[in-house]
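My questions all concern the structure below.
Which chain is which? They are A, B, C and D, in the order written, and residues in each are numbered from 1.
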Amino acid sequence: MATGVKIATIGGGSSYTPELMEGFIKRYAELPIREIWLVDIEAGKEKLEIVGAMAQRMWDASPYDVKVYMALDREEALKDADFVTTQFRVGLLEARIKDERIPAYYGMLGQETNGAGGMFKAFRTVPIILEIVEDMKRLCPDAWLINFANPSGMVTEAVVRYGKWDKVIGLCNVPVMATMVEPEMLGKSADELIYKFAGLNHFHWHKVADDHGKDITMEIVEKMYAGETGLPKNIHDIPFPRRLLEQMQMIPCGYHRYYYMEEEMLEHALEEYQTIGTRAQQVKKTEAELFELYKDPNLDHKPEQLGQHGGAYYSDAACESIASIYANKDTQLVVSTKNNGAVPDLPADCVVEVSAYIGGQGARNVAFGELPTAERGWLQVMKAMELLTIEAAVTGDYDTALQAFTINPMVRSGKTAQRMMDELFIAHKAHLPNFKTTIDRLEKEGIEVQDEVARELDLVNV
Amino acid sequence: MATGVKIATIGGGSSYTPELMEGFIKRYAELPIREIWLVDIEAGKEKLEIVGAMAQRMWDASPYDVKVYMALDREEALKDADFVTTQFRVGLLEARIKDERIPAYYGMLGQETNGAGGMFKAFRTVPIILEIVEDMKRLCPDAWLINFANPSGMVTEAVVRYGKWDKVIGLCNVPVMATMVEPEMLGKSADELIYKFAGLNHFHWHKVADDHGKDITMEIVEKMYAGETGLPKNIHDIPFPRRLLEQMQMIPCGYHRYYYMEEEMLEHALEEYQTIGTRAQQVKKTEAELFELYKDPNLDHKPEQLGQHGGAYYSDAACESIASIYANKDTQLVVSTKNNGAVPDLPADCVVEVSAYIGGQGARNVAFGELPTAERGWLQVMKAMELLTIEAAVTGDYDTALQAFTINPMVRSGKTAQRMMDELFIAHKAHLPNFKTTIDRLEKEGIEVQDEVARELDLVNV
Amino acid sequence: MATGVKIATIGGGSSYTPELMEGFIKRYAELPIREIWLVDIEAGKEKLEIVGAMAQRMWDASPYDVKVYMALDREEALKDADFVTTQFRVGLLEARIKDERIPAYYGMLGQETNGAGGMFKAFRTVPIILEIVEDMKRLCPDAWLINFANPSGMVTEAVVRYGKWDKVIGLCNVPVMATMVEPEMLGKSADELIYKFAGLNHFHWHKVADDHGKDITMEIVEKMYAGETGLPKNIHDIPFPRRLLEQMQMIPCGYHRYYYMEEEMLEHALEEYQTIGTRAQQVKKTEAELFELYKDPNLDHKPEQLGQHGGAYYSDAACESIASIYANKDTQLVVSTKNNGAVPDLPADCVVEVSAYIGGQGARNVAFGELPTAERGWLQVMKAMELLTIEAAVTGDYDTALQAFTINPMVRSGKTAQRMMDELFIAHKAHLPNFKTTIDRLEKEGIEVQDEVARELDLVNV
Amino acid sequence: MATGVKIATIGGGSSYTPELMEGFIKRYAELPIREIWLVDIEAGKEKLEIVGAMAQRMWDASPYDVKVYMALDREEALKDADFVTTQFRVGLLEARIKDERIPAYYGMLGQETNGAGGMFKAFRTVPIILEIVEDMKRLCPDAWLINFANPSGMVTEAVVRYGKWDKVIGLCNVPVMATMVEPEMLGKSADELIYKFAGLNHFHWHKVADDHGKDITMEIVEKMYAGETGLPKNIHDIPFPRRLLEQMQMIPCGYHRYYYMEEEMLEHALEEYQTIGTRAQQVKKTEAELFELYKDPNLDHKPEQLGQHGGAYYSDAACESIASIYANKDTQLVVSTKNNGAVPDLPADCVVEVSAYIGGQGARNVAFGELPTAERGWLQVMKAMELLTIEAAVTGDYDTALQAFTINPMVRSGKTAQRMMDELFIAHKAHLPNFKTTIDRLEKEGIEVQDEVARELDLVNV
């Protein structure tokens, strides 16, 4: 066996790849990488080449001898890989633009992770991740899958439940940012605080104690109302109703704004929709700028602008997970992983997002104990929504998709919601082969995308 | 001990009382009543007297010698009662008008059972039912409590959980009507069908089989789309998305429209709000007409018009429950009762609404088995909403109330919802002593009811 | 389709068949039988012919025109059957003699239902019942399976879990006898009492109330200590420690003696072993006498002696179940059936024995609610034992069998238990094809049955 | 506030105290102790003085200035303590001798932790620990309770459930020894292995992986059959049936011998009973020798002989727990702690023994996931036995005690077991004030201890 670690990164042409490289370079001492394979699809070839060259420059500027390969053929990249990271976006940012604009056209929230948009993202992503898992079973059966393709929790659940693959860790930058910003607020270092997270991806709560075990969650809440919040850039930053946090004695995650303050988040989303464009449209601009930077043959380190991006620190969490598994480091992270009882209000065999120690066997989840009534209820309906969404993605069943939309608290049920869903099916036709029958029917019924921007993208059908 | 059964009816001045009398008269052979005590509050005295006289006339016209007493003093009525029925409305229909109009003013659903309105109905009703239970412990410790005060499920849960009183059955006319209308649709009699209901009050599903055990749920669904629905009059009658029912293979209850078709139900409610007035305003008119009829000293039987009322058949279910307990008849009914495992997706000690055989020990629930993913998720969040609402009603904690509103799928969370909630607190001030601190604070903050109709009622504060 | 009901009885040569006929004759008005097929194996042909002739004589003496067929070919009998009853004994009474004597040789309890003997009975019976279920899927897919082959609970669990066949009801005469004898003790009729049973086959408890709902369990306990007990004849009749019953406030079933008074039951079993022979040996004698009676061409009704038999009333319960399903009668019975939450301390998808209403859809279980600590713990370990036993029966895995023996509270773990188990494998070789590898190994290791009576039977290996 | 940590040790006169001192001395850098209070009762005064002087000599021989106080008054010792350790034995070794000999007289296992003896140990210990907790609430409400008084799991459960005190960690040396010996077997260091334990105190299983995450449990099993086992000295060392371990793919704890090989363990216990005396009698000798050593005014370090003792490493685990909490070290240990879902087969609010990371908030349990069928069943019945035992200890209810005995798999139910239980009540009269009514009754009935050795001890009634 060759010495050194082989990494395969699916969706390697992503603008986040330089952050990933930086994370690996920083950890080389404990994670001696031999080669990195950046995989992308034909449509992403140009970006892949830009970012691949940039990645190689970063390694060349480091003291380490690591080779970066670019591949359009997934199989070659997966062969004997030790770790596979997934950060691909089926349909690219264009798909996300549709996910956001089509609901907004109807005055509804698209929300690209747990909302209508996120559900379609799951419909597109789940079948691909399951193909990757099948490839891994053949080509690198001992490898770990480190997923940060969104919706990260649902994708991880699909890997475990339908892929029957347990060596997977799902990541998210939301808890990473909380555990970075909160200690700062208190003038402390991260290891002086004790964290306990529980819930689902983009739907979790956490508690914090100091190193003497004293609960200081409400001290942090105090600071949050005084100023800085530590939100990723893609969440509109408005304060939670303070009384709710006092009732909970926990800190909800940033995405919880869509549930605790649906009205305000919708208002904001519609305002952007009507003016500067939805979040995806903004991100697209940032991304284009990043790729311009990456083209510079002198640039050999991660540019500062990347840190402003919504997905910042995802890659760092990925690198840390990989290093922790490889070196059995027992680092604490918050990950999507098989529950095993850590959140006793959900079945032991489903995927949750919790505090865990990451080592040679993957995640060792910290048992959180039962949640209070309100959080328990919401968690249970959200997990049901996730399970139905994944089931629909796998079976291509329209009615199951409709049920998932109906119970999602972020979707107001009724004829408009169904119309919006139908248009999303049409818009994403190219990436939803499992739903072919449904889409054929909808086309026959004459369903057409109403939002012009989305419709034009639809013509390209990226 | 005196022979014959003593019934005490709290809220005896209700327009439904004649239906109750008719039910008792019909069942006299198996339920030999000695006396009936109709109890009401001072403010309801006039109605009580009209309806009490009418009730006595009904008995006098029957072959049975039963005395109807009218009482403003609850204690006298409860003393040694065998059965206590509760059908009171704290704040009368005026309170319901507020429950509906204040949300509607803000473009939201009030929905007087599970929506914002229903939650405030629970805030008003739970403390009173708990007082009644305490009285029963002293005055008639062997009696059964048959509740049809709404929100019937939450009230029953409060009786069991906080009142620690297990001899209670909660009733609803929704399943009664389903089991009356559906056999008709098929040209069958009720005992040729096998029913299985599970869920919560106004939030349950059912399955139907023929007497050979063959599932015929979808045959009934077929008929429903062809015409008649069997809805109580207070639910706006529009068809469910058929695909959802096909996915479920179960029949949701009429109130599920508020969840499966929130948009349409809201549209309808707002239209009524802006035109003929909300449902409560309409009911008020019907009720006034009924009382005019009741005044007729020649009227000695239930007038037909009562059967058109939204709450029709409630009383019949109550009479049947009482007769079944008294005569250990083992009649099948759908009731709110301690779960005991019948709905395994909810804790064994909470209250659910399920098919049960009613006999000398009360309800023997039919174990339904696990529900499918979507129904399970929704049921769990709804039960959490119920538990929080009841907890808030008991503790008077504003923040708990806010959580209950926030997780209720029928309330769009955010600043408007909170404003609406605050106005409801102000509007119901006279009936929410547990929330005194909150209401004082809100008044100090200058919160005022914006809907004019509700505000004027508020001045009276019935 | 032919009119009238077709019944197929597997194990039709049983001495209990006349009781079954009597039950059907009694219920002909509601269960119009056309033909009855008694099926048995070649080795049971003689008995089948005796009992078959007797059965036909019984019908001929009745006012009804019913034809009794005898068949060695199961397929013909199952073809288009409406109800299949199973009362077969793999290996006949000889096998039970081994089940009892081999443990007794080592000073241990064989106990033919839940003990070491019962586990081997399950090993022999489960594969056959699963074959029957497969036949039913082909030949009579709408039929109901009414099982009273022992161990009845485990056999029913196997049908549901491995056979994936839900139209099954498992029966036992123990609760039948309780609900017959207890009302008598109190001078009441059965329908004046309200029963609630929960647990597993031969491992359940019950509570009793009068028709006013008053719990009178302890009144019955009082009577039990004063005299009559209502035990089936095959359970040695010694009183439970009274304090235990007072702690429980429930009545354990007769077989619970093996758990609550293991010592006394073992003493009794060993005494019989050393003197008059084990229970099976006694039963064999009774059975031979019965068959002598049946040969009498003038006997055309169930002889009284059959009522003294340990399994009396099994058949009556079977007839009542069939009639209740057929006529959708909603009769109350205690049956083995899929839990569905009725016993919330066990998984919703396993088989339990509970009070149920039997109708066109089979059993509608009465939700019992959570059991007290002691009963819950025992129930959970017993269900684990059952599941392991069934798993071993299906897979033929020796180690799983060993685990099942180890956790069974009726088996003292250790080398002697394992030796006893090994001898049982040898003794039942002819009926354990799934365990061929194991038995070959044990034979190679020279394991031989030590008990002489059992060894001689072994030579025949019925 | 004074600087430095105050430790209070209840049962300070124990022969294990020098090990505790050694543990503290070794960890002084991270756990700067100011003073240690050794508390004991009047009857233990002599031992306390010997061991207290020895403890002070140990500190004096160290570089650290720590004062050891001896106290018969618990309150003074608890006042402002930072950590309270409990290692007391109610009734001293004499009580354990009775726990072992009285069952042995009747041919039964006493087993001083989970068997009949352990249950009586719980009856004696639980009321005292609850008194200590009440004292702590007054005198040192911020302190942590580190319990290693046996039965450690039940005592910890009592603290959480009845004492309502969550700042507690229960310890046991069994997992400590496993995690010491097993790496040695493989020629590895402890941090090269990944451990996962789950179950109850003296009733748990574990799995082991190497630092690449590969499961190597069966490699260790292999080594165990080849030789060394790592058992504490108080468990008779005979190999488990290998097939069982292969079926489990887990390693049971040493005490599991009493369940998997009850016969062999009983044989061994009875042999010792009839020859060299029970384990407690042997321990008593060892202990006397230790105290002789401790008297030597020149001895200022832990003598080697102490390491041979059955309870070795308990104290080390205690010191490590305390240091980990104090310095928020996140050390991995196996502890008794509130479940919180880590063992999803048991309620989230009961105490389990699991792998955990110990830090400023106490134990962060590693979620183990569901156990296989056999282990699940046994665990559930054992937890029921524990809960009943604790309940009986608190309420003094004889019938509850009888139920606990009846369901304990290590007790053969029946008249002899009850007789044995009755004698144990008589024998421990002085330490069972909660059971006064029961003991008075038994004395009136003339119950007398039959084992002579126990009876003579009884006269003293230590």
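Please note the rule applied: a contact is a pair of C-beta atoms (placed from the backbone, for glycine too) under 8 Å apart; a residue touches a chain by one contact, two chains touch by 3 or more.
Everything numeric here is computed off the predicted structure, so don't read it as measured data.
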Subunit D and subunit C - chains in contact with each: none
Which chain's C-alpha centroid is most distant from that of subunit A? C
Between subunit B and subunit D, what is the gap in Å from one C-alpha centre to the other? 55
Averaged-CA centre spacing for the pair subunit D and subunit A, given as whole angstrom: 46
In subunit D, which residues are in touch with two or more of the other chains? none
Touch-based graph of the chains, sorted into line, ring, star, complete or other: ring
For a test of understanding, state which residues of subunit A touch subunit D in their complex under the given definition. 192, 194, 196, 209-213, 325, 328, 330, 332, 338-344, 348-349, 355, 357, 359-362, 364-370
Interface with subunit B, subunit A side, in the complex: residues 241, 243-244, 246-248, 259-265, 373-374, 376-378, 380-385, 387-388, 391, 397-400, 402-404, 406-407, 409, 412-418
